[in-house]
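The following block contains the structure, expressed as structure tokens.
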Amino acid sequence: VRCAVTGTRHFSSSLAHREIRSIRELPDRVFATFDETKTHELLALHWPTPPRNVLITKKERSPEITSSLTELAKHISSTYPSIGLILESEVAAELHEQLPFPVYTIQDENVADYAEKVDLVATLGGDGTILHASALFATCQNVPPVLSFSMGTLGFLGEWRFDEYKRAFREVYMSGAGVRYGSNLFDELPANETQQAQSKQDISQDLPPEWASLRGKSMGQGRSARILLRNRLKCQIRSADGAPTSPAPTYAMNEVIIHRGLSPHLAVVDVLIGGKFLTSAVADGMIVSTPTGSTAYSLSSGGSIVHPLVSSLLLTPICPRSLSFRPLVLPAHVPISLRLSTHNRAKEIDVSIDGIRQNHGLQQGMEVHVWGEGVRDRDGVWRGGVPSVVRGNRDGTEDHWVGGLNGLLKFNYPFGQA
Amino acid sequence: VRCAVTGTRHFSSSLAHREIRSIRELPDRVFATFDETKTHELLALHWPTPPRNVLITKKERSPEITSSLTELAKHISSTYPSIGLILESEVAAELHEQLPFPVYTIQDENVADYAEKVDLVATLGGDGTILHASALFATCQNVPPVLSFSMGTLGFLGEWRFDEYKRAFREVYMSGAGVRYGSNLFDELPANETQQAQSKQDISQDLPPEWASLRGKSMGQGRSARILLRNRLKCQIRSADGAPTSPAPTYAMNEVIIHRGLSPHLAVVDVLIGGKFLTSAVADGMIVSTPTGSTAYSLSSGGSIVHPLVSSLLLTPICPRSLSFRPLVLPAHVPISLRLSTHNRAKEIDVSIDGIRQNHGLQQGMEVHVWGEGVRDRDGVWRGGVPSVVRGNRDGTEDHWVGGLNGLLKFNYPFGQA
Amino acid sequence: VRCAVTGTRHFSSSLAHREIRSIRELPDRVFATFDETKTHELLALHWPTPPRNVLITKKERSPEITSSLTELAKHISSTYPSIGLILESEVAAELHEQLPFPVYTIQDENVADYAEKVDLVATLGGDGTILHASALFATCQNVPPVLSFSMGTLGFLGEWRFDEYKRAFREVYMSGAGVRYGSNLFDELPANETQQAQSKQDISQDLPPEWASLRGKSMGQGRSARILLRNRLKCQIRSADGAPTSPAPTYAMNEVIIHRGLSPHLAVVDVLIGGKFLTSAVADGMIVSTPTGSTAYSLSSGGSIVHPLVSSLLLTPICPRSLSFRPLVLPAHVPISLRLSTHNRAKEIDVSIDGIRQNHGLQQGMEVHVWGEGVRDRDGVWRGGVPSVVRGNRDGTEDHWVGGLNGLLKFNYPFGQA
Amino acid sequence: VRCAVTGTRHFSSSLAHREIRSIRELPDRVFATFDETKTHELLALHWPTPPRNVLITKKERSPEITSSLTELAKHISSTYPSIGLILESEVAAELHEQLPFPVYTIQDENVADYAEKVDLVATLGGDGTILHASALFATCQNVPPVLSFSMGTLGFLGEWRFDEYKRAFREVYMSGAGVRYGSNLFDELPANETQQAQSKQDISQDLPPEWASLRGKSMGQGRSARILLRNRLKCQIRSADGAPTSPAPTYAMNEVIIHRGLSPHLAVVDVLIGGKFLTSAVADGMIVSTPTGSTAYSLSSGGSIVHPLVSSLLLTPICPRSLSFRPLVLPAHVPISLRLSTHNRAKEIDVSIDGIRQNHGLQQGMEVHVWGEGVRDRDGVWRGGVPSVVRGNRDGTEDHWVGGLNGLLKFNYPFGQA
């Protein structure tokens, strides 16, 4: 999979107001890195140079969220003037008249351009909005960091309340700014000094002006944003002869599902683990989920809750016609195949990825081939996944995941009157 | 609901071969009664006079089953010449050329005619075929006894193996023949003698010739067929103002289901018990099932297995977005309402009865109103339900339901090598 | 089982203070009846004559509850002077000094005396206190009505808040007072007039003075208390040769359980339904529960929630070593046997009834034989069960069971922030 | 934890028959290493020099298994004369008279000696026997490779049939023999050549005579045994002030459990994840399980099945009094604490490790602290866990774990007649 930038583009220096420009005019993407720290198990976000291109996505059809987006966009534009703001095309069309600065967008729905330009994503909405943002990078190995604001809509994946947006954005923007420019400003030193040393070598000693200008403000640049790298899964449809039907796999944040859909009859699906036949499932459908997705559809279907840091894939049946189909948790690196049996009554079955029904279903003999995304490469460098900016409180007593289980999912909710 | 016969009709005395006749030409229906016995907990089937109109249904598109139907039809026609054979219209069209006697069928798909004529139903196929036969009587309070042969297709509801058809049919045909004609031929005397005495009064003392002619044969008429009255549920769609959208309720043998269908979003359904608000379910769908249906879709959705003699309704959610929605078993006489919430994202939701998706869905504010069918009237007379002829062995060591759990559903299947 | 009173006894007319007397000195028990009504599905409590002997039980070791008991006892004694108060012997010993009237108790822990004298039970505590009160009548077919106050301790079975005790007690005391003394005072007329007519005949027209003296007060005697007859189960231990080890069965309100207890090894238990072998369970234990008990241990073990009006028994395994042991709901009248297999590693297994471990365990080959208690006799008269006085609000919008599911068990508790 | 050998000891050259000797007389332990391979996801067993000290354990009280042990011992002794055989003390006492060579055993039940001497373990029995063998190394970081024969007793962990013992033992004995002595004999080359290179340096070029003498035989030494490193968990009891009550943690292969045991009342247990409060569980007990243990008690309690290669810990409640306690799968490196609440009714609660009830329970305020064992050290070397010799067939079509799910646990066992 290549996400690399092609073609030429120029940074437009005369920023006209109320204008929609092509995303291709923006400077090249700045890639963040993610470092282990000594103080907690999450990763520390580190920008080599200040991020410049920020995509903001939002939930549809909510006037309230739309006005929040405007507020956020104006704040970024005025406080961080070097940043170019990217909106999805309909949002750009809807809002550019109200924004006193140009906005950038893709052309001809060429979503691959996002991967080439976006340094950072901010989402305003619920889990669906985050899934949607993730889907914009569904064929890309490097998703930019995602800063998500949950907007009234309850969400398990959303991290920040919108009223925290100034602090949140600043924290992300400055994250790791100090680390490579001398000093021990950075309070969460990378675990692996040598790894750091290596990457420091070709970097100048002077803090870039975008960061330097923000230094005096209350929150030191030493603090880094905490990143949870949410493992995605990769899936690819294969035809009956085993050939992939698409050049590259699609990434999913929650899950890939096959479901009988409108067919009144139970689906018959052969399941293979690591290429070996496991079982023939007779069910409404089958879910292969990431740990992140374990609190989504898989949970409703009876799956266990799996912490996002457990490298694994969940295989959870939907309404299986069996007393003995217990959900499975499998190693992320072993591929799972769901093959529509020739015994299936209907010729085709629906496929959905992260809640989006795919245009093409699965025909008898065809299979969905799924495997986990590695988030660490051979040299131990963290990459891939959906780098989610986690909201942490200072004293570390709060854990977002635990908080979500208790506060949101009402995990082990105590019996009683209240 | 009236299922009574209207209009005049004549028994055609000149039976032409290879002919399809109107079911309306058949004599009036003979209604069986069901009596408690001293020896077991099932009911004894009792014909006041020999049954005359027999409907045979079969699974579609199975040449093997079609040839079994032909075999059965020929056997009945030759051994029980007074019986008129009824087939569904397509089956009649397909087969009448091969049958050396006329067959009867409904006209213009007027299924209500079945209820007015059919004394007994024989089904050849799997559970789906039994459900289909039951659906032919979906608006009728009195389903005729159903004699089901499972045909290779594994089924939980099917009782008899096809190779037993001669014994099975004779057992049903003769069932209770002795009871009202003096003598203690009947080995399973009704529990309630007085009840019997009453109905005996206007019946002549002489065994009808159809029965008398079969007397000498090996199996005495004293033996009665065992009936399991499978409670159905009744359901009716109500519009937002509470008015029913159909004049009469529809009966279901397994369950009524509402399901999000192709909508990618979770359904939001308000559940009322006895008219009182219970909960608002966020789920793929909801099932209201009979005990018979507890081994069908409800089982796949995590419901308990409920014995068909427990008078109750099951409320089982399909993939609920909740950690705390445990399936419920409710009294059969308390109505359950499933009302599509105005918070539901889609305007409409699918409704299915016994596996058949209904033409009209449920719109926001509308509800499916469900309650159990009583199988015993105010005077203690057993009626209603689907009277299923149960296969029992002589020594009573075998129980069909237990056999089905173990043999078919692999209930508590022991761990181990075999 | 006989619970009738034998022997002579005299009502002591000189009531000495601070005295403990024998329960045998109290007048004979007054048996309430339970009538169907037109307005709701519960039964109406009806006293033929005013109740006289009231047992109050309480949770142990709670000073607060003890003082509530004192308050209740004083109220009853002053407002209903014809009532004799019964306490359990330790409670009598603990409290009689503080009570300005005599209290009655059993002697030599002869619990059978309760059944012969107690007209009404009031409990102060949680579910455990109700179970304990029910256990005092564990060999008796007619449990007196139980009025339960939940005392801070959360309980699913408790109905009334203690601060309602005056209204609650009066409602129970007067219940049905008007029905047999002319007039249409009784707002919830029995469904079956003839049944009532019969029992009216030998009753005088004049309201007994105990009731008449209370007439003028705000709450009319027309109102009747609502009774939920909670079906119990009966169980009996049988030795390997099938002989019962006790003369009479024991009744349970929640459940009977067998459990491996301290044995580290899985128990092996053969299960029979209606005398026929169902399965051999390998598990920590097995539960046979009433519908009332479906929200107790069975719920924790994965059983469905069964409404108390569904006549049934639940068979729920505890940690079964099987993927396919789904909980079962069986007809109340079909006996269930749990037989300790000769393959069980330990020689004996624990038996518990309503949370009380029995002194004698079950040895290999022995069985616990369980069947449901009927709550309606051959003539349609309601009797048996634990007659629980249900708290209903006037407008009938509240349903206690539904309220308990939602308020207490957090059934389908909605996801979200609150 | 140190498992290193202390003190001097001599190899006894005059091996007397029918003699029990001290394990301390045996030569020092040979530590196997485990290398990644290119052909499969398991590890390849590699002995630096031929193993010399072999412990054989067996299930108790099975004469058949005892005679198998004798057969195996004789085979090893005659085919591999340089091997010293170690038996548990009772087994040694029981069998040494029948064995024509000396056996070694520990003295004074000083189990720590096993860790210092045993190169390889062979078990004869079921899963319990493997758990028992593993428990002999419960305080040791390096468990020797375990070769398990399942003996009639069905087992999920057992790998080999006893009749394969000659091939199996030879495969293990020779495993990796070729790898460090030049040549490309080893058909499954380590993935990481450099890692190998390093460890090769101080090893001579000549194959040791024990291996050389076996070379000519049919099975080449090139083939290596496949090792599944089963992650254990570590647990330590901590007193209310947080201090460990034992100097070193105990390792478990399946799980650590706390259970109310004989107390009739529900246990109240506070659960902390990574030191942060998760929830207060009200239940019969709590399980913290390894992935290996996911098919043991956790499965019976409703947990998901987790593949042994998923680095994780399972938190599964036993009969929780909650509708919303879904089992959790947590990262292996985050510690879980189960702290007996001061609200618990009983003062103490039982603790069991791998099915063995511990002598000391947990008192109020005390906690069981559990965390996963890493099986790869900082330098990427595989170590720790229980190195289980997996039986693989040549063509790789068979997967032991999948085979166990289907064959043994009857996973998704198909409905139907057979």
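Going by the order they are written in, the chains are A, B, C and D; count residues from 1 in each one.
In this text, a contact is a pair of C-beta atoms (placed from the backbone, for glycine too) under 8 Å apart; a residue touches a chain by one contact, two chains touch by 3 or more.
Quick caveat, the model's predicted, so the values are computed rather than measured.
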Let me check something: if the centre of a chain is the mean of its CA atoms, which chain is farthest from subunit A?
C
With contacts counted as defined, which of the two, B-D or B-C, has more C-beta pairs across the interface?
B-C
Taking each chain's centre as the mean of its CA atoms, subunit A sits from subunit B at a distance in Å of 52
Where the CA atoms of subunit B average out and where those of subunit C average out, how many Å apart are those spots?
39
Roughly how far is subunit B from subunit D, centre to centre by C-alpha average, rounded to an integer in Å?
56
Where in subunit B do residues touch two or more of the other chains?
299, 320-326, 409-411, 413-415
Subunit B residues touching subunit A - in the complex, by the definition given at the top:
261-262, 264, 283-284, 297, 299-302, 318-324, 350, 352, 355-357, 409-411, 413
Which stretch or stretches of subunit A touch subunit C in the complex?
154, 322-326, 407-410, 413-417
State the interface residues of subunit A toward subunit D in the complex, per the touch definition above.
41, 273-274, 276-282, 291, 294, 299, 303-307, 309-312, 314, 317, 320-331, 333-334, 397-399, 402, 405-406, 409-415
